[in-house]
Structure formats: structure tokens, C-alpha cells
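Structures follow.
Each of the next two complexes has subunit A plus one other chain: subunit B in the first, subunit C in the second.
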Partner chain A sequence: MDTTFSQRSLGKPGFLSDLRAFWAVVHREWTIFMRYPSWIIALFIWPLIFPMMYILTARALSGPDGSGLAVFMQATGARDFIGYIIIGTTVWMWQNIVLWDVGFALRNEQMRGTLESNWLSPTWRFSYLLGHTGPQLVSMLLFITITALEFGFMFGVRLHGSPWMIGLMMLAAIPSIYGLGFAFASLVITVKEANAFVFLIRGLVMIFCGITFPVSLLPGWMQSIAQWMPQTYLIHGMRAAAFSNARIPELLPDLIPLLAFGMFWLVVGYFTFLWMERRARQTGAIGQY
Partner chain B sequence: MSDFAIEARQLVKKFPARPGTGDKTAESSPVKRKFSLFRKREPKTLFTAVNGVDLRIERGEIFGLLGPNGAGKSTTIRMLCTLLEPTGGTAKVNGFDIVKQANDVRRSLGTVLAGERSIYWKLTGRENLEYFAALYHIPQAIAKERVDELIERMEMKERANELVEKYSTGMRQRIAIAKALLARPPILLLDEPTLGLDPQAARRVRELIAELKQEGHTILLTTHYMEEADLLSDRIGIIDTGKVIALDTPEGLKRRIEQKEVIRIEVTGWHDDLGDKLKSIAGIENLMSRRQGEADLWEVNMQAQNSRTAIPRIVEHISGNGTRLVNMNIVKPSLEDVFIHLTGKALRD
Partner chain C sequence: METNSLSQPSLGTQLRALYVIALKDWKVFWRYPLNAVSSVFQPIIWITPIYFMGKAFSTNGQALGFAAYSGSGDYMSFILLGTVLTNFVTTVFWGMGYALKNDMDAGVLESNWLTPVSRLLILVGRTLTSLLTTTITSLVMLVIAALLFGFKPTGNTLAAFLTAIPMLIGLYGFGFAFAGLVLLMREANTLVDVSSFLVQGLSGSTFPVQSLPTWLIPVALALPLTYGLDAVRGWLLQTNTILPIRVEIVILVVFMFVMLWFGAWIFDRVDRRVRTLGTLGQH
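Moving on, here comes the complex of A and B:
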């Protein structure tokens, strides 16, 4: 075996090498994900169970003749209350899954013991976290597709707008949703236990962002808080695209703040990661379970 | 390029610790924590894990860092492989500064930490190696060839495509070592590479380490197995409470107590009072007792200035009181005896 010691035996450090390393992280995550078959159950059952709770509540509260639903649809401008609820709950679920998946990505590696062995390589360390988002995005896309198919077949929910516009809204939301996940992942490495924070954040999204009702129904002070949460714009924009056939000009009031929040959360996520990385070198947090 | 593979000067690592944690090495720092609205914060205290370590490891040697749990071995290794930043002092690995040129240091090193937990159990052995090859920026075509070579070398060809979760501890450790060799680094840091392995697997890993030295790798090995350090190391640094208290070849270390004799007895019915009596015999020092397995059989080692005068007194004290002498030997001093001589405690304490 040739054991010549030379740094020539390594590839050149740089963007392409880090890109390959990033792809290796994506591939690793996807391979591991596929080896836990329980994801199939989660992917088919969860899209139904969670919105059903709100849909059935809405039916129960609408009165014996369903007249309450007409009032609701008049207040919201929605043609279909089920579709209206599904968009809200899907966004909530997206943020929730990102907090658990991406948010706990480094912590899970830390507990497994593999975080240190990754950290020992000369790869750009942020790529470990970025790499987790690839499979997560694919599984989320599957989740949303299955949600649409299940409710389409079972409840006759139909889109009245362009799927491309819905896709555009979701694309614009990726930086803020994942930026928050990156910041969260970095903090979890330090504080170790973060379930309470996940419950807090998803609770805030549930209350303030109007997942099952229009934000305009909230008291003024709550509306003020809602306007600082990117999920509010995402839900509003997706509903407009899905049920009012809104195009880019009508979506701009939601797209622009969403992109601005995205920039903000990506920067916060990245710098929180750098802070955590430095702190971990000082305190040894990487190797602590 | 530096003459030394690894060179550390006055390396210090202190960790923040809260008082009242039972940590005897925690010291108060003049730095006070910031004011907190909710509760009065305790003053910040620091726990010194490594306290001024100096090391100069020659290229091509196996250097054993020997010490009990908590002595500072792993913290030293973690600083050298850039996972931890020193609080004080400097160190160079392959000529690169561990703080200012951390990425170059990582490119020069193959490190085995946490053994079997350092690889992915839901991937196969081969998938693990391919993944880490990408992290080390090894071009894909070369990586495939190298992974094959290492799988062959680790005698894992038959099992390479099975999930790591189905491997034995020894096999996982071999994959962890293969991972460290992927980038063909000149320097290897092996932290307790045989910990938890059965004797046969441990012997295979030791053989492998010896082969790696033959190939020219510099190896820094931490262990708390005396025999392992003795067998493999060209030089040994004994570390205790964060300081290197002795550094020499294994033979050189043993020569330090060669004027002393080590008396090893095996008894049943051992009790602490008997230990106190034996310690009171003139010329007897560093007595250590250790229970042998589940039975009431104890191995007692003690160092004596003159065994001829000490043995009759020992026998006299042991006779009676329910204690029975099973065996007695005068043995050649081992590294463990050196350690006991230097620290006053056994390595496994």
C-alpha cells in the first residue's frame, strides 16, 4: 500500500471541494433517512391528521346547517375553508419539521458522537448544517404534494390559482424558515435541551400567523407582533396565490417582507453558527453529550 | 517545516465550571459574571484540565501519553486536533499552528476519537469511508481506490457493505482507524484506540499501530493501559492532573525505580487495617491493593527498598486474622509501578 505522506494526496481546498463535501452530507442524510422506514407512515398520516383537527372543529362550530362556514368564507374571502386551513397548517408543519430536523441536526450528531469526527475534517463546517437542508427540503416537498393529493381526493379541495405562484411564495420563504432553523441548531448545541423552545416558536406561529383564521381578526397588538413573523406573509401569500389567483404584482406585498426576513434570518443563522463554533472550541461543547 | 511532528509549549486548557460541583481543581477567577435580572449569578470558576503541557514528538515515533481518567490526555489531544482552543501556550502540528492554521493542521492529521461512536451506524463501512473521503477533499476517483485498499487492509472485505450497526466493536474501531488513514496523514492521533475491545481485537489494533509506525507515521497514542503503552511506545509521557510529570522511554522510566523491588502478593481476607500495618514496615512504600474479580482474592503490590528484610515482616503481619497468603513474587518494576511511584496512586484509580 502506498502511504506517501503528502498534502497532494488531498484535493485542493476550495469551493468545489467544499461543494463535494456538501453533496456528501446531503447523500449521507438521504441514505440514513431512507433506512428508517417509519418516515413512510409519517409522510402519509401526518398531512391528514393535523389539519383534520381544525377542519372538524370548523365543521362542528359552523352550526347544524353549516351557515357558520358561509360567514367564515365571507370574512376570509376564501372559496374553500378546507383549503384555507390546509395552507395554514402546512406552513406551521413546515416550520415545525424544520425546527425538529434541521434544528436538532447538530445535536443529534453530537449525541451520536459523529459531530467531532465531522469537525476534524478540513471541510467548511457550515456545510454540515447546510447539507441537512437538502433531504429535508425534498421530504417537505413530498409532504406538501401528499397533502395536496390526499385532500384533493378525499375532500375535493381544488386550486383556483397557479401552482407556480404557490411555489414562488414557498421558494421565497426558504431563507427565513431555514435561517431560523440554522440559528436554532447552533443554539441547541450549546444549551443541549431545546424542546421548550420548539414548543414556544411553533406556539407563536400557531397563535399569531393566522394558520386557521385571518390575522385581521386578531387584536391590534397581536397584529403588530404578527407583522414581524415571516410565516404570516407566507400563509397570506400562499392563500392569495391558491384561491384568488394572485400573480406576482399582487403577491409583492407578501414577497418583499418575506425576502427581507429571509436575508435577516440567514445572516442571524450563519453568525449564530460562527458564534457557537467558536464557543464550542473554548468550552469543549462539541464533545459533550 | 518544524523538526518536530508535534510541538507543544506550556499548553493550558481551562474550562468554566460552577462552584459546588465537587470539582477539587476548580479555582476562583477574579472575573465576575455579568449582572442577571433573574438571579444572582455565582462567580465564574475555572477548572484546569491541562496545566502547562510541554511535548516535542519526533517524526516517525510512537509517543504514548499515559495517565488515569481525567488526567488531561483527551483534552490535550482535542487541542492538538483543533477541536479545542488552548487557554494558554502554543502548539504546532506538522509545523502548523493549531489556532492560526487550524485547517492545515486538520489536513495533516488522522484522528481517532470516541472510537466506534465516530462513525455512522446506519451506513455501511464502505459508505462511511466514502463519506469521510469527501470531507477530506479526496478526489472521487482516488477515494474509491483508497477506500478499497483500506477495506482490504482492515480485513473487512467480506463485511464492508453491511451496516456498521451489525459490526462488532473491534470492526467498528477498524473502520474508525481506516477513516483516520483516508487522507494518508503524516501524523495520527489515537485516543484510547483499544478501549472496550476484546483481547483479540485489541491485539489486532496494536499490530496495526505497529505497522503504521513502520510505514513512517508519527503516532500520538493516549491510553490508560500500561502494557499497551509499554509495548508500542518509543517514548512515554506520564500525565497527571493536567501536567506531564515524567517523559522518557519505557525502559528509562522503569530505570527510575530499578533500585527498588516490587513485591506482589495475593491474599484472601484482605482488610484495610492489614494495609496500614504493611505500610508501617520500614522500607515499604506505595502499597496498592486491588480485588481480583468477584472472589475474595486480592492482589497487593508494594515497593520495597530491600525485599529480604521486608518479606519476613510481611508474612508475619499476614498470618492470622482471617487473612491467607496465596502467592508471593518479587517482580520486575512495570510502568504501573513507575506511575505509582510518581503519583502515589494506581492508574486505574
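Moving on, here comes the complex of A and C:
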């Protein structure tokens, strides 16, 4: 009797199985998302209340006679200070939400104690992160649409440009925003308690990228740092597209660096993930928290 | 046969329980020292865009529009003081509601609830370490921010401090009611963030409420925190206050008693309900 066994993998990884794993993660995330319906409140309230602090402060700085506002319009070239602030704060919130959602995707698994068992399944491990991105993109699209509608209807913010050009700027920003999220997710698995890192990254966006003011107001050394952050180009380009009717040729100085940063962050994100995966298995730290 | 309680609660045991809860939180807080660094720099990061935005609204470094509302063109001192006070407000909101959610997630809420310690006391205990760490980090933050942006208090610091006390105690009442809501909803982040942001925003943490749109002013005036922030600024920065400072202090003291009673009542009712339904351990 032949008693030899051929070595076979328990699973048969392939494109379809990876796709199925990706879909399973999307489905699971959607189920968790729907389990806590308070996100509905968040979806409608956050776009209003986060920029509120800046808008109301800007209103106070304007003065009862609007004299401060005239100075602001001259300094920024903006027609509408609310719209100007909304673009900046929306970009900040986008990056912030991605850091919390995608950035903490693996960490949350680790805290729940399911990361090790998932890691043992014969699937493409990057699909765990990609799976988080799907529902996240849908909810972000919803978030940005609601922001635009709320400020359009309630505060009379009007576009003076093409929504397609705004969409183009946002599309060009996806690789850098999510690439940073992937790199961050991998880092979080290694350093565990990473809230402070989220605060640091979103803080850099808040300080350097001009969410409520023109970057030209920053001192020279701060402007140099701002040039290395993709969100600076996204905010600048979106403002130009929304309020100055800028077309592709005018947007190119923002689009090109944005795409270049996107390539960079996607590559960094993917390779950081591979590095973390190998390191976590070597050190046995994957189940620790 | 005489039945004896398994425990013998007394003032001493309650105080010991408070100490143990605070000590545990103290250890957890310093286990992640980056969080302490973050607590110092986080508020500075949030107000930096306002600092530069203020420059865009100023002529020759003077925020004249702001001065017309508040009586002081020194908008950074105005905002810094509001930021320090709202750090404490957030501590009470987060300290109780969020701690409950953490206990739920960690699966220790039910066992904590079984201890012979008043539940309100457990909630208060969860804020003690936060209050101490908030005091330390706020002072460090104020020193750094003073160097970066300038902070020039010119008034009565002791009077400002005494005025803040009834405001903070009253906020515990808010915190109790809010913790009850977290027990019911079983989700804390959105609730804590949204309510904390709304209350802080509308009470004028970074601007004088006089500058709000007319339809929002009644909402701001209905929040006792508005009078607390206004009175403390009035003492320290000598800004224009909404009402005479003495009237604002009376409002704060009344608010303190009413909210403590109301918050404890709400929490007690919710606590009984979730224990009746058996949903205390669910999350």
C-alpha cells in the first residue's frame, strides 16, 4: 500500500479566493457598521459641527460691521469665507477618518483577538486592509455629499466652478490618503497604542496645510514643510476648482504632485505592510496588545 | 439567624475604592506616555489654524472685529483660556461616558457593578485621575502656548478659579446623565464627540457668543457653561460679559445643584432599567 503523501496547501489561493476574502471583509465591516446606528447621526452632524468652531470664530473675527472679513477676502482671494473653510476642514476630516478607520483596522482585530486566526487563513493578507477601504470609501463619498448639501442649503455656499474638477482633485487624492492609511495601519500593529500618532499626523495637516487660511501666511520654514504634504495641494486645488472655476491646465500644478505623492504612499503603504507582517510573525507580537 | 452583608460599606471603604480606581487609571495613563505628550500638544494643534486665520482677519496685527464683540483684541488669550476650560469639560464628558464604554468592551462592567461601591462613586472615581492629568497637561500647554502665541491675563486669578468650581461640579451632573445614555445606547464615541463638540462650540470656547447668528444666541444662553466661560474670562481678561459677573456666578451655583440632582436621578433610572433588561454586559 502506498503511504506517501504529496504536500498540499490546505487552501488553494488564487485570484478568486482573494476576491472572496476581500468581499468577506467588506461584508463583515458593513455588518459592524450597521450594528451601531449612531453613525447616521454622525454622518449628518459632523460635517456641520466640526467646521462650526472655525466658521463661528471667523465670524467673530469679522466684527459686527464685517471690517475683518474684508481684510480676509483680500488676503485669501476668497469670495465666501464659509466655503473657503469648508474645503479645508473636509479634507482634514477625510484624512482623519481614514486614519481612524483604515489605520486602526488591524489593531481593532488585534484587540478583539481575531487577528491571529484571520492571519492563519490561506488568503492574501493585504485583502484585510483593502476590505476596510471599500465601505470606507462609500461612507466618505456619502459624507462629502452631505457636507456639500448641508452647506449649500443651510449656509448658501455656492459653487463657482465645475463639480467634475472637484471630483477629479478628490480622485487624484485617493492614493495618497489611503496609502498613508495603509502605512499607518501597519505601524499601529507594531507600536500598539497609536492614538498619539493619529493626533500627530492629523495635527500636521491642521497646522501646515492651510485648512482655514492661505499657506502664504505661514512663515517660510512652515511653507517648506507644507510643500511636502499632499493635502496642501488637494486643499489648494479643490478651492481653485470650486470657487475660481479652474480647469485642468490650471489644476495641473496641484494634480501632478498629488499623483506623485499618491504613488509614493501606495508603495510605502504596501511595503510597510509586508515588513510588518514578517516582523510580527518573527517576534510573535501579532496577538499581543 | 442574623443576616450580614458580605461587605461593610463605610466612608473609609468608599474613599479607598475611589483611591484604588484613581490609582488604576493613573497607572494606565502613564503606561502610554505618548498620550500625555498628545494631551499637551493636541489643543495647541487645534488652535494653531485659528491663530493664522486670525492673522488673515487682522490689520497691523490688530483683530479689530473681534475686539468690537469681546472688548479685547487679544483673541489668542481669549481662545487659550476657553481651551483650558473646555479641556476640563471634556474630561468630565469623556471621563465617565467613555470609561463606561471601555469597561463594557473589556467585559468588566458587570463585575465592577457587583462591588459594594456606589455606582456614582465609581463614575466619579474614573474622573479623578483625568482631572489631575488634565490640570498638569493644561498648565504645560498654557506655558508652551504662551511662548508661541502669547497669553496675557491681567485680572483676578483667584476669583476666576473660584468661579470655575461650581461650573465643573455642575458638569458632573451632565456627566452622570450622559453615562446613563451610554449605558442605554452602548456606543460612546459618537455621542461623546458630538455632544462635547456642540456644547463647547455653542458656549463660546473660541469666540464671544455675542457674535453668534441671532437664532443660535438663545441656545448659547441656555447653556450654563456659557456663563462659566464668560465669567472666568471676565475676571481674568476683563472682557465684556453677557450679564454682570455676580449674576453669572448665581446661575452657575443654581446649575450645580440642579444638574447634580438631575444627572444622578437619570443615571439611577437607566441603571435600574438595563439591569432589569439584562443588557448591562452587552456591547
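Here, the second predicted complex is superposed on the first by the 277 of 289 C-alpha atoms of A that agree within 3 Å, B and C clash if a C-alpha of one lies under 4 Å from a C-alpha of the other, contacts with A are read in each partner's own complex, and residues count from 1 in each chain.
To be clear about the criterion, a contact is a pair of C-beta atoms (placed from the backbone, for glycine too) under 8 Å apart; a residue touches a chain by one contact, two chains touch by 3 or more.
All values reported here derive from a predicted model rather than from experimental measurement.
Of the two partner chains, neither subunit B nor subunit C is touched by A:L274. In the superposed model, A:S117 lies in contact with subunit B only, and not with subunit C. Applying the stated contact rule after C-alpha superposition, one finds that A:M154 touches neither subunit B nor subunit C.
In the superposition on chain A, contact of A:S62 is made with subunit C only, not with subunit B.
By the touch criterion defined above, A:R28 lies against subunit B but remains apart from subunit C after alignment on the C-alpha atoms of chain A. Once chain A of one complex is fitted onto chain A of the other, the partner contacts of A:I49 are limited to subunit C, with no touch recorded for subunit B.
When the shared chain is aligned, subunit C comes close enough to touch A:P214, but subunit B does not. Common to the subunit B and subunit C interfaces on subunit A are residues 36.
Put simply, subunit A touches subunit B in their complex at residues 1, 3-7, 9-13, 17-18, 20-21, 23-24, 27-28, 31-32, 35-36, 112-114, 116-123, 278, 281-284, 286-287. Subunit C meets subunit A in the complex at residues 32, 34-35, 37-38, 41-42, 45-46, 48-50, 52-59, 63-70, 75, 79, 185, 187, 190-191, 193-194, 197-198, 200-201, 205-208, 211-213. Residues 15-16, 75, 78, 81-85, 103, 106-109, 111, 113-114, 117-123, 127, 130-132, 134-140, 142, 149, 153, 163, 176, 179, 183-186, 215-217 of subunit B are the ones touching subunit A in the complex.
Residues of subunit A that touch subunit C in their complex: 36, 38-39, 41-42, 45-46, 49-50, 52-54, 56-69, 71-72, 75-76, 193, 195-197, 199-200, 203, 206-207, 210-214, 217-218.
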